[in-house]
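The structures considered in this document are given below.
Across the two complexes that follow, chain A remains constant while its partner is chain B and subsequently chain C.
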Partner chain A sequence: MINLIQILIEGALVGLVYGLVAISFVVIYRASKIINLAQGEVVVVGAFLLWTFTAGAAAAGYPIPLALGLLLTFAGCVAFGWTVERTIFRPLIGQSAFTIFMAGVALLILLRGLTQLIWGAQSRSMPVILPEGALQLGPFLLNTRLLIGAVFTVVLTIALHAFFTRSRLGLRLAAVAEDHTTAHSLGVSVRQAIAVAWILGTMVATAAAVVLLSGSILSLEVAVIGFKALPVALLGGLESIRGAPLAGLIIGIFEALASAYLDPLTNGAASGLLPYAAMIAVLLIRPYGLFGWRRIERL
Partner chain B sequence: MLTLANIDVVYGGVIQVLRSANLEVREGQMVVLLGANGAGKTTTLKAISGLLHSDHGAVTAGRITLAGQDITHADPADIVKAGMVQVLEGRRVLEHLTVHQNLMVGAHLRSDRAAVKADLEKVYNYFPALPKLLDRTAGYLSGGEMQMVLIGRALMARPRLLILDEPSMGLAPILTQQLFQTISRIKREEGLTVLLVEQNARSAIAQCDYGYIMEGGRIVLHGSRESLEGNQDVQEFYLGMGAANDRTSYREVKHYRRRKRWLG
Partner chain C sequence: MRPTGIWHASYATEARVLETVRSRLWLSLFGAVLLGLPLMASPWMLGELTNLFITLIAVCGLYVTVGMAGQINIAQSAFVGVGAFTAAKLSNMGAPVWAVIPAAALITGAVSVLFALPAARVKGFYLALTTLAAQVMFPIVILALPMSWLGGLVGMPVMPPVLFGLNLGTPSGLYFLGLAFAALAVWTTYNLPRSRIGRAFRTVHDNDSAAGVMGIPVTRIKIEAFFAGALYAGVAGAILAYMLQFVTVSSFTLFASVWYLGMLIVGGLHSPLGPILGVVFVTLVQEGLHTAGNAILQSGSGLGGGAVFAASSLVLGLCILAALIFEPRGLAHIWHQLMTAFRLWPFPRN
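For the complex of A and B:
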């Protein structure tokens, strides 16, 4: 029993990190209606920026205080998110979904290549940014890094929800998420809103990189997180900020259970397949996800 | 306040819809634009608000000015900032947002919180049914409720010129009447200028100061309320009165054609 609960806890914590990446999908999708297939690569770019401004700078003989390093990292990913939107997706506004999908595939390969070109293919060790170790809670152990990440995800979800429903900028983004023509008619600059969404999505992805990689190994393989979070975003509903962490919990817990009980019987295949089986099930049964926007058919 | 001078609009680079349209809305007036389906009314309004882009349309000739400022090719956001808001055709509420959020999106350009709050109260005063609906999802409201949200949302931007595209579409006659009364009350009390497109010609003319009639992308007739109400063509073809009952007779049709040519 204790063992089972421990598995559930670990699954939940990991699931909330998936949820964090899923939020970055959602933020971008809402405004631009683009599912950024390269979101995993965006996480990797964020991680390499972080490495550059921390361990990398120190190794080159220019040590930067951690707080400043983080600030520079997030400034860098603002510039990065803006550039991707401006150079690739803005010129494609109004193009077919297929064109945009192919552009996403191209971006994925492009970013993979560029990352390798700039930072090389070898893996790097990331500095410890979040405290290491585990919190003892009765008989259970909670990984401190993941626990902080989980709390961050929950706080971010609440904050973003308030942002999208109360602030003026957030309401602009919400209007754009609903309908571009209506947003235009109310004087919302749709382009500006989409740019803001990309920047915000890139920042969230980078925050996920911090949680995921603090004190661990950074390699190009980390990009897989993008494809792990995609089923989470779909399950939660592509328009729903609050759906993302909930779906993350569900998928994280099922993945942990599969990993504990089914993997020994399936040569470790079950837990890897599970999110994608869930994704196909969602698409078949409830394509708008748990909390996504179902078209209101009544006019 | 608003002037359209010789406006041509072309869709997709080939389909010309507006042909040298001229229209003027004076400060404080309620102006109505009438015309059959497909006459080009919505196109005219979208040209004014800078919304033709998303339909692959463009103003190819002429000039639109708002309070002396050239807005012919201006950005829709700048046009709203300049004090003009349009309620689009077809009840375009932000479906998944609540009524309150819909209203607040209208005020997204304003940072004067106290004044925004006061305007919210004003909107409730014009539409007393709204306060009870604030937390409802806008997409599930009835047509009449949506129309209140849409007009309320436009008012939250504090426009000087309000443009309405067929607000009565799909409403019961009694609701249409109430709506027009509320619109003219808002116009009076807020000192608002209104440009209204309507199919409901009779009620619209009754409320307006000045009217334009559009046909095939041209303005074919315009005049004050009195002159429109007294005009025989308007009576026959838009108000369905008088000689219209005999319209099927050949003589009447010929008579109309002749006059129509003269009007065009």
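For the complex of A and C:
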């Protein structure tokens, strides 16, 4: 029993990290109607920026205090998000969803090449930013790093949800997610929306990189997290900020259960297959995810 | 634009793909050059060309699914992998080439239908993600199956292809095998848009609600589009298996799928010429970068081999973006414009 609850706790904590990456995906979609397949690469870019301004700078002989390093990282995120908007998505405003999806594919290839060219393919160790160790809670152990990440995810979800449903700017972004042309004709700046979406999305992705990689190994393979977060984002509904961490919890818990109880029987395949099987099952029952917008189509 | 001096006296002349004597002459000349190449080209060159043919077959399949029917498929590489593993398994069981390749195509098609079935409920991007699921599940399933089935982590050897007592496992044999199936793939992609099902694909691509109203069974057409695209992938996979002589899951990554899509976009999504131009162009760029990279490596600067791969990713990404932003109809449209200008010369276009 204790074992089972321990598995559930670990699954939930890991699931909330998936949820955090999924939020960065949803933020971009919710504010600009861009389905960004390259979210994993964005996480990697954020992580490499972070590494550059912390361990990288120290190794080059210019040690930067951690707070300043984080600040510089987020400044880098703003620059990155703005560049992506200015060079790639601004010329594509009003194009079909298909074209924008393909731009995401191009961005995936481009960013993978760019990160490898700038930072190289070797793996690096990330500095410890969140405290390591485990919190003893009765008979259970909670990983501090993941626990802080989980709390952060929940707080961020509430804040972003309020931003998108209450603030004037957030509502404008929602209009852009509904339809570029309509939003534009109503005086909403689509350019601004896409820039805000990418800056916010990159920042959230970098925050996810902090939680995920603090004190661990950074390599180009980290980008796989993007494809783990996609089913989570889809399960929660692409338009729903609140759906993402909830879906992350569901996927994380089921993945942990599968890896504990089904993997020994299936040669280690169950935990890898489960998120995607769950995604397909949910799509068959609720095509727009748990909390997504139900779009009505007219001829 | 069509060349002048063409009028149709019968339905058969109107249905021709190649309308003028000159275009037929050019094509036969091109075919003769391709057939004669093994006499002079080096084995390395033949290998490169065979690889190009295999990629072309896979991208032709992608053109059917993505370009014609408008259903995004980010699992083409996994489907090629299914074809390759099927071919490896069957060849080890002693099946001859003429049975292995169609069987690989059909089994791959069946697997793709499994992932296209959600088309009954979901559409657009959500459907694209079920193909992503196929791509991610493929290596996990292969690795988890018992070693004796599909080789697991180690991979599987492939028996050399033998047709009528002739060993096709040599570079020139594989070249002809690839050439024959690439020609078949191109021939079918040129003719599919003119058939009933091809027009149904187009209609679903343009507006699936309207297609449903017009009496087209939208779900069935979408599933058939995936099936058709996967048939090509299966053939490509079978030939690739014969060429590699050993198949492992690591050859069929998500990244390869994304590359296939990139080639299609650069070439052009709306013309059967697109896959050909896209594959040739991207392969040339890649080879150019490899040559340049090798030169740099030999000159002894600090750059590693990874930089060459990174640079080719960078260039392909930029090419796709340039195509999307400046010429969404791809290289195929540029080619058509050049042809029009050539035909109208010395008069200006428009």
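Here, the second predicted complex is superposed on the first by the 287 of 299 C-alpha atoms of A that agree within 3 Å, B and C clash if a C-alpha of one lies under 4 Å from a C-alpha of the other, contacts with A are read in each partner's own complex, and residues count from 1 in each chain.
Keep this in mind: a contact is a pair of C-beta atoms (placed from the backbone, for glycine too) under 8 Å apart; a residue touches a chain by one contact, two chains touch by 3 or more.
Being a predicted model, the structure only gives us computed values, none of them experimental.
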Per-residue touch tally on chain A - higher for chain B or for chain C: C
Chain B versus chain C as contact partner of A:F98, first or second or both or neither: second
Partner chain in contact with A:L186 - chain B first, chain C second, else both or neither: first
Those residues of chain A which chain B touches in one complex and chain C touches in the other: 298-299
Of all residues in chain C, those that touch chain A in their complex: 70, 72, 74, 118, 121-126, 128-130, 132-133, 136-137, 140-141, 143-146, 207, 209-210, 213, 254-255, 258-259, 261-262, 265, 304, 306-307, 309-318, 320-321, 324-325, 328
Residue ranges of chain A touching chain B (in the complex, touch as defined): 165-166, 168, 171-172, 174-175, 178-182, 184-189, 239, 293, 296, 298-299
Complex interface listing, chain A residues touching chain C: 35, 37, 88, 91-92, 95, 97-99, 101-103, 105-114, 116-117, 120-121, 227, 230-231, 234, 238, 266-269, 272-273, 276-277, 279-280, 283-284, 287-288, 297-299
Footprint of chain A on chain B - complex, ascending: 49-51, 54, 75-77, 79-81, 85-88, 90-92, 94-97, 101, 104-109, 111, 139-140, 153, 157
